[in-house]
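What follows is a group of structures, each given as structure tokens.
Consider the two complexes below, in which subunit A is the common component and subunit B and subunit C are the respective partners.
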Partner chain A sequence: MTAFSEDQTERYSRHIILPEVGGEGQRRLLAARVLIVGAGGLGSPVGLYLAAAGVGMIGVVDSDVVELSNLQRQVLHGTADVGRPKCLSAKEAMEGVNPDVHVFVHNLRLTSENALDLVRLYDVVVDGSDNFPTRYLVNDACVLAGRPLSHAGVLRFEGQVTTIVPGRGPCYRCLYPDAPPPGAVPSCQEAGILGATAGVVGSIQAVEVLKLILGIDGCLVGRLLVCDTRAMTFQQVPVARQPDCVVCGDEARITELIAYEEFCQMTPRRMASQEVAP
Partner chain B sequence: MSEDRAVVTVRLFGPLRAAVGRSEVQVRGGGRSLRETLARFAEDHGDAVRRFIFDEQGSQRLSVILLLNGEPVRESDQVRVNPGDEVGVLLPLAGG
Partner chain C sequence: MRPMGRRPDVSIDLRGNPCPLNWVKAKLRLEEMRPGMLLEVIVDDGRPAENVPRSAELEGHKVLQATALGDRVSLLIERA
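Up next, the complex of A and B:
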């Protein structure tokens, strides 16, 4: 068993005195590998809290560069980072918080070709992406690879969070079998997002990831937490695994990753009448 | 109270809230199915709102989670909504 250095004992002291964490839990965090998809409004608080908690290996997938309009909520990045790859500023910010943490940069767009290989390198995945094709891709990759996934989405003052543990509860497709019609659901760019709302929701994701790593029960498995930070209400919606789910159901039709842009363009009727071909 | 005057509260979330501009609306006509209640709500708010809930053939989309008094409901045409009930319409959020 690796002993903590003097600095580590002090750095993690508030964790170590928690009965739910202790020295063993802290060692588990230091040995854990978490992949964050999207270094944006959700990925920022997740990344900072996981780094501060001492999660030893954090991967960041993002192919964007930092824009000035990101900085109102994407607290991983600073003004001097505008124009730089988000992955790089995310790495610097997280490793700056805690030198125990190694951040692996995946400066690429997650695709059906690379997602499974990437997800399999990590113990837990965080979806902080900003579009439906990526959300379905991340879900399917995690279900197929058997990796737990923290899912969240935000808009304006609202957020939705759930935790997907393949084999133990519903997946994202059990909640939303179809994507909304193209163009119906506005992005944060179109409809706005209160920066701190993304902070609240991303912080909930970070708690969920830490609980998954530490083996603490009470995760949002089978529950969708619907957060309204304007009314400041948090409503739990029970959600069940659907036996007819195309990816985690009893007779799953999706056994390898598909074309997600096309899937999200499809109308439900076409989807129902077509084979889900890879 | 006659069924036509009875009121059901429809709570709106995410993009639907943004489209309607309110977090909840009152719909007349308790005693109908959940599907009929939603159709009446959609009638009152135009095609852009209807498109969130129903497809071109009038079928309920699988991209919405319907709640009746906080509990999810899958078959909206088989569930009766009573006066005073609260219906919730959840849509996924893309933003991150």
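Up next, the complex of A and C:
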């Protein structure tokens, strides 16, 4: 067991005081590996809070560069970062918060070819992506690799968040077996997003990740938390695991990653007549 | 006098450490000890002497004795 330095004792003092964390929990955080998919509106608060909490190894997957229109909500990046890869500014911001943290840069698009290998390097995964193909890809990769996943989405003043622990509860496909028809759900680019709303929902994801690492009960497993920050209401919807789920069900058909762009082009009716093949 | 003449298993001097850092350091030592072992903590009189025993008891440890020694206080804590 490694002793905390004087600086670490002081830095993590408010964690160590918590009966649910203590020195033992803080050591677990320092040894934990978390992968954040998307260094955007959700990934920013997640990344900053996990870095501040002393999560020792944090991977960031993003292939975009910072745009001026990101800065209204993506608090990992600053004005001077416009035009730079998001991964790099994320790394600098997170390591700037806490020198105990090592950020691994994955400046790439998550694909069916690389997702499983990447997810297997980490203990917990955070989905902060902004599109349906990536959401299904991250879900399937986590189910196949047996990695817990914090899923969230935000739009306008609203957000939803749930925690997926393969083998212990439903997955994203149990909740949404089919992707919405292309164009049916507007993006933040089309419909807008209140920056601070992404902060609220991303912060909830950060709490869930810390609880998963610390082994604290009460995660959003089997529950979808739906929040409307305009009316400021939070509701939870129970979600059951579906025995016929194509990826986590009893006779799962998806046993390796598939073509997600194509899957998300399919409507439910076409799905029924088409085999979901890798 | 120590209760039943028990000697502390570990003793740490946390004078000069402000609240709550003194308790944080005491707690880290307690975590390394086995249940039932005794930790002696020396703290400054005043707020530390009030706060550290309260924090220890909140976490279920027993504060067996507090002995004033001039401007410092010796606390004898039994690990839960």
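Here is the rule we use: the second predicted complex is superposed on the first by the 278 of 278 C-alpha atoms of A that agree within 3 Å, B and C clash if a C-alpha of one lies under 4 Å from a C-alpha of the other, contacts with A are read in each partner's own complex, and residues count from 1 in each chain.
Keep this in mind: a residue touches a chain if its C-beta (ideal position, glycine included) is under 8 Å from a C-beta of that chain, and two chains touch if they have at least 3 such contacts.
All values derive from a computational prediction rather than experimental measurement.
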| item | value |
| --- | --- |
| Subunit C versus subunit B, contacts on subunit A by residue | B |
| Which superposed partner A:9 touches (first subunit B, second subunit C, both, neither) | second |
| Partner chain in contact with A:17 - subunit B first, subunit C second, else both or neither | second |
| First, second, both or neither for A:257, with subunit B first and subunit C second | neither |
| Subunit B versus subunit C as contact partner of A:153, first or second or both or neither | first |
| Partner chain in contact with A:58 - subunit B first, subunit C second, else both or neither | neither |
| Interface residues, subunit A side, partner subunit C - complex | 1, 4, 9-10, 13, 16-17, 19, 22-24 |
| In the complex with subunit A, residue positions of subunit C that touch it | 20-21, 23-25, 27-28, 31-32, 55, 58-59 |
| Sites on subunit B touched by subunit A in the complex | 13-15, 17-18, 23, 51-52, 55-57, 59, 61-63, 65, 67, 70-72, 90-96 |
| Residue ranges of subunit A in contact with subunit B within the complex | 38, 40-43, 127-132, 135, 152-156, 158-160, 175-181, 184-188, 191, 193, 198, 224, 226, 228, 230-231, 235, 237-240, 267-269 |
